[in-house]
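Right after this note come the structures.
Two complexes, one shared chain (chain A), two partners (chain B, chain C).
On to the complex of A and B.
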């Protein structure tokens, strides 16, 4: 197990350190702890106890926010492992992916939003993007299988995860743009 | 918030478009920072004397990224490959008066030139080895 002195959001919820977690269990335990530390329950407690409950509530919320979203969970896991990309590593993107980005952004740009077919074209792009997101998450899950503390021999593996996280961010932003265009179309400017 | 020269290139970008990426005399450079949504394609057409006779770009990104790529296409046209490779991002940043947070845009433009030249050279080598 990695550095036990480091705060560990997984331990907070009695979960194993892993990318593939049971989100239902996570949510249950989050709700239970949130209730347990709720300020209302400490209304008549001492100032020290009140302070402690507030700290715990903050910690529980932060751990929950970090782990519930797969992308921030993956980012947190890289930190937990102790991997930090060098500037060269973070700037290193495969050409195929960049070509794909270019083609997708061109496709989005070329959609004539005044045309009747605009919505179905946007939805087709959204589906394609959602498939890519699901595909990349399964690659991330496979790379995280059997993780342990940082080992220099695994550097390339974590670099790939970091690269995939960046790619997912691009896809999220792309979907946000699709949302925006659709909203403008549906509800006017 | 943007400098005049940046605005000029942003509003009237030079050399936007594509060259035939299958042409053996065309080098295609692709660089980007996907997490920020920046992606830059820069293409060069090189003649037998190693002179860049045409350059085209297509960039998705902020105004500074578009201006940086537009500017370098102007600069490299008519120059030799080696002269183009000598262009430093600092010169681009200076010409466009880029603020520190936008320096990475000029770095992308410099990397795009290198990437295009590298692609051109590897295509040339491949075509030579095919002929012999």
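On to the complex of A and C.
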């Protein structure tokens, strides 16, 4: 849930509220703020200043971590807009996606991890998944183009973004599994 | 003595499994301090002589073979364990033993600098757990040092390295010490050294390599029908031999191991004599090296980077002298690992640079580190006693930059639920039984409302990598706060007072005659110096909130109390309430009656 008492993460870095942000600029500003606020710089300052620097650094870290990752950035933007899916909306399934999921799961399970070809098969699955992720992000970016405050007319748009976010999470977990199997292959643990 | 000035020097300390060092940052340069013998490296050995005098460092190492039962090595591997280790007539906690090493380093620094030393930055392996970090902090306090910050060893190494090589790059720090292994992916940019991901194993290091050789040597003797008693000085000699062989194998493809008159067995003298080739040795340690390479892979994944993204590899820790380590890294990354800073000294140098920044120096980069663990809770043990299998609900995820504050909302499951148990875990497994439980506490006196009462659980992970947990009833703000490191210390029974330990360690240093008179002067200062900082430190607000919760609980339990207890409880409730009403929420004043009341309630409930 959005926490209204927290300041706007985009404003923290003097960035416009948008999904498409310049990550290079974000990184630069993040580092500059770390340099400025880091509690180690205040180790000999008064207790109040120390407390303030700690709060600022914590806030900077939170904002940075939320914005640097496109998925958490998208999630945060939906909160900022004020969209929350109704139970009906979240139960609304994307059949194409579900079919794809089943096929990919099957492909992963069918890989014989003892076979010499396992690594290349895993790699192929990984590439496919990474392509899907990139594709979904461009759809998310298009949906977020020119965003404003919540408007009931846009509800369908945000519902689709919310759905895409869930799908991306699934794909990330899938990639983690691929990683794990690969590690077992490479290092036999 | 006792007067603190802002110009107090802060030293940087590498408290290692095998070796320890102390360094300072002055005039934009780091300097590793030497003892009176001109040594920069203090072996992490502690011993007691026949006469009961304390030995730390080289003299303890030297007596190890003759008196293994009176000598302790590699104490770092026991840090955070609730155990006592006997040494001479007494027994000590791992923190107390480590404190003796720290105390020795402090003496070295005071002698080298000609001024009292009361503040330090101490390094720990990145993969050290909360309990291990706390034990290290406690060791510092016992040694009479205010621990300004605990920083991670690979990060310290990166700081030391950055100081000499400006410019933006991505560095993989491979840190294989005597007892611990860490790997970190670090970005160096614009005066910020930022750890992107960290992974490791806090029980893997050069000691394990020694053990493999030791097992090999024992096997060899066994084939001749000789059994070596485990606590004998023969065993200590074998261990020393194995260490020497390991070191030689870094430069030679084969070593000859010879120990004459190792022991007498069934009336005949036993000599140890055999050859060991590097190839055979590498076969023994391969599983360990494989494990480190898997951790490298995990760290890269955590950083979302591929092998090709790494610009440089930095080697830290004496065990990286093993040729196989370099070969494997070179094979995987296609880079020649850098080791131009002495792998034994660069951690201490980094700690000193960090100490310099804390002391106000603008010359060095600031450090942004991450947590190598995921922290979360599994809520179990509701009012009806029905215990559900715990599932980890992550609150702070692995590789999140610290300091960080995160909260999640959880709901009660039962109508009228008065309390909720919070179990805090560290680990990556969704099933909490595979993770490490690092603390647990209960929020009492919740409002009488239907199920679904919202409880906000907030995790604050500080720059030392230590966790504080607060649980709050959302509707009333009723809160319970616990700092996990304190919870751990208390769980470990014994609950020894730090100042007590400090006096004991200081006294041991007093008994030791091998040091100059300067140190005796410092002794008395040590015991009277920094106050113990272990007690639970509540925010003013939360003390008040906690006190209020305690009062609520006390009222509820009043019926069950005996007449005598009841009078005492009522008195304490009155005392607490009058303090609360006066707004006198000074933690020290409130803490005392709260502690007394909590004690009585504890006995009532059990």
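Throughout what follows, the second predicted complex is superposed on the first by the 183 of 189 C-alpha atoms of A that agree within 3 Å, B and C clash if a C-alpha of one lies under 4 Å from a C-alpha of the other, contacts with A are read in each partner's own complex, and residues count from 1 in each chain.
Note that contacts are C-beta pairs under 8 Å (C-beta built on N, C-alpha and C of every residue); 3 or more make two chains touch, one makes a residue touch a chain.
Fair warning: this is a prediction, and the values are worked out from it, not measured in the lab.
In the superposition on chain A, A:170 makes contact with chain B only, while chain C stays out of contact range.
Once chain A of one complex is fitted onto chain A of the other, the partner contacts of A:28 are limited to chain C, with no touch recorded for chain B.
When the two complexes are overlaid on their common chain A, residue A:185 makes contact with neither chain B nor chain C. Legend: residue contacts after superposition of the two complexes on their common chain; A:8 is shown touching neither chain B nor chain C. Applying the stated contact rule after C-alpha superposition, one finds that A:75 touches neither chain B nor chain C. Number of chain A residues touched is higher for C, counting chain B against chain C.
When the two complexes are overlaid on their common chain A, residue A:62 makes contact with chain C while staying clear of chain B. Judged by the touch definition given at the top, the superposed model places A:98 against chain B, while chain C stays out of reach. Contact residues of chain C toward chain A in the complex are 6, 148-149, 189-192, 194, 290-291, 293-294, 297-298, 301, 354, 357-360, 366-368, 400-406, 409, 460, 463. Those residues of chain A whose C-beta lies close enough to touch chain B in the complex are 91, 93, 95, 97-99, 101-102, 105-106, 165-167, 169-170, 173-174.
Residue ranges of chain B in contact with chain A, taken from their complex: 30-35, 37, 39, 41, 58, 60, 111. Contacts from chain A toward chain C in the complex involve residues 1, 28, 31-32, 34-35, 38-41, 43-44, 54, 57-58, 61-62, 64-65, 179, 183, 186-189.
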